[in-house]
């Protein structure tokens, strides 16, 4: 793990008090960890807004696998974006419906293009993109 | 203004470095102010998710004022929620289109009910709700 | 107002039923108006994601007007972005806190730059940007 | 698959034209499919806002598996919420960092509680919740 550094911040007393109540409700043990999480979330938000950055990501989709040629189209699409797809997880929700998660790594712009392409496929009922960190840059 | 309190936080060195680059890109002068803003934004997000809290808010809407009886309906509605509406601002976008901003104070649940009621009116092309702080609790 | 056009859409019966319950809860009178609103909201979301588009917008901010030189900085900033600012509304929340709304028209990229610049000012407790339509392109 | 129903909607001609350009940019073949997707996304958004509804969901998290006792805590937590967790997928990002996806089914309130509990764990760098449909109610 990386070296720890110390830094003194100042805040109005009332702001600390409001924040302390907030992080107690959420279950944090101390302010430092809560502040580190706010900083990390801010960095991930910035990354997601910059198309040329690299990121990890997941696409969560629910679809009806009986839909004509949908499986073929999804497979073909994952090969078109083959450099992105690290792994997939498939869950049978019921006789018709499947939930599938794709784990991706690559350029934000390409990740968004794949999510867009999936979401317009006939038979895909819902698709949602989550952009996150690859970890190393977020100590 | 309220008393300032000091607190020492620890972070991995790389996280500080990433954050320093981020806040330089955004134009912050120092880390403390950037962290205070993250804390305040987090408190506002929590407030917006709690229907029983009090908040300040704005509703931004664009509508076609030629639409039959829309002005009457908007006026009636603002009276139904009269305890909320502090002030309004009206801008003529063109011959047909008006942008109107309502400034509100009150319970989050009521604020959301008014925003919902406005957004379904015929002639209202777009309506958007922003929940913010009343200031005093966010030193 | 513009000419109305008719179009026949097909949907699985269950999807219509779910949607009918949804729009009844929201208070819509008929499906067409509810679908037009979904279409309009989708067009506004796309516009907000494209930096070179023109849009109308509001910035809602809460600040402590006792903060050193904040008023001067806010005024100077509004002049730097003078081509954007159509109108402003000011509300006194309490002895310290003001809520101010700026109504803007211009390029999305410039609108976001102004919102960013305001949010980092010391004394500004919360700032939030809403991008909307100028109306004419959203019949 | 379920029975198809037909319904005629009316819209201003310009709105149809703007929407047609939008869906061509996204890659849709026809308006009906694009409108069905807007309706489905709207129904999922409503579901996610109602704590007592059932939903499917994924939590995407990135963490440092060298962090003291994090694996034990994550495992214990998944057992505490054992009725929710359908399946998990694990990806090694690098020597330190893991990405893990949990697929969940259950009450929105419980799903959010688990996501909150995970996000505050020390060593979890980023956690993000996606709420989606179980499929059957979204024909």
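Should a chain be cited, it is by its letter among A, B, C and D, assigned in written order, with residues numbered from 1 in that chain.
Just so it is clear, a residue touches a chain if its C-beta (ideal position, glycine included) is under 8 Å from a C-beta of that chain, and two chains touch if they have at least 3 such contacts.
As the structure is a prediction and not an experimental result, all values here were calculated from the model.
Asker: Chains touching chain B and chain C alike, please list them.
Answerer: Correct list: empty, since no chain touches both.
Asker: Between chain A and chain D, tell me the centre distance in angstrom, where each centre is the average of that chain's C-alpha atoms.
Answerer: From the centre of chain A to the centre of chain D is 10 Å.
Asker: Could you give the separation in Å between the centres of chain C and chain D, each centre being the mean of its C-alpha atoms?
Answerer: For chain C versus chain D, the centre distance works out to 26 Å.
Asker: Can you pull out the residues of chain A that are in contact with at least two other chains?
Answerer: 1, 40, 138
Asker: Treating touching as the only link between chains, describe the layout with one word: line, ring, star, complete or other.
Answerer: The chain contacts form a single closed ring, each chain touching exactly two others.
Asker: Hey, which residues of chain D end up touching chain A in the complex?
Answerer: The touching residues are 1, 26-29, 33-34, 37, 40-41, 44, 56, 58, 60-64, 66-67, 86-89, 91, 93-94, 96-99, 101, 103, 105, 116-117, 119-120, 122, 125-126, 128, 130, 132-136, 138.
Asker: So in the complex, which bits of chain C are touching chain D?
Answerer: Residue list for chain C touching chain D: 1-16, 18-19, 22, 31-32, 35-36, 38-40, 42-43, 46, 137-139.
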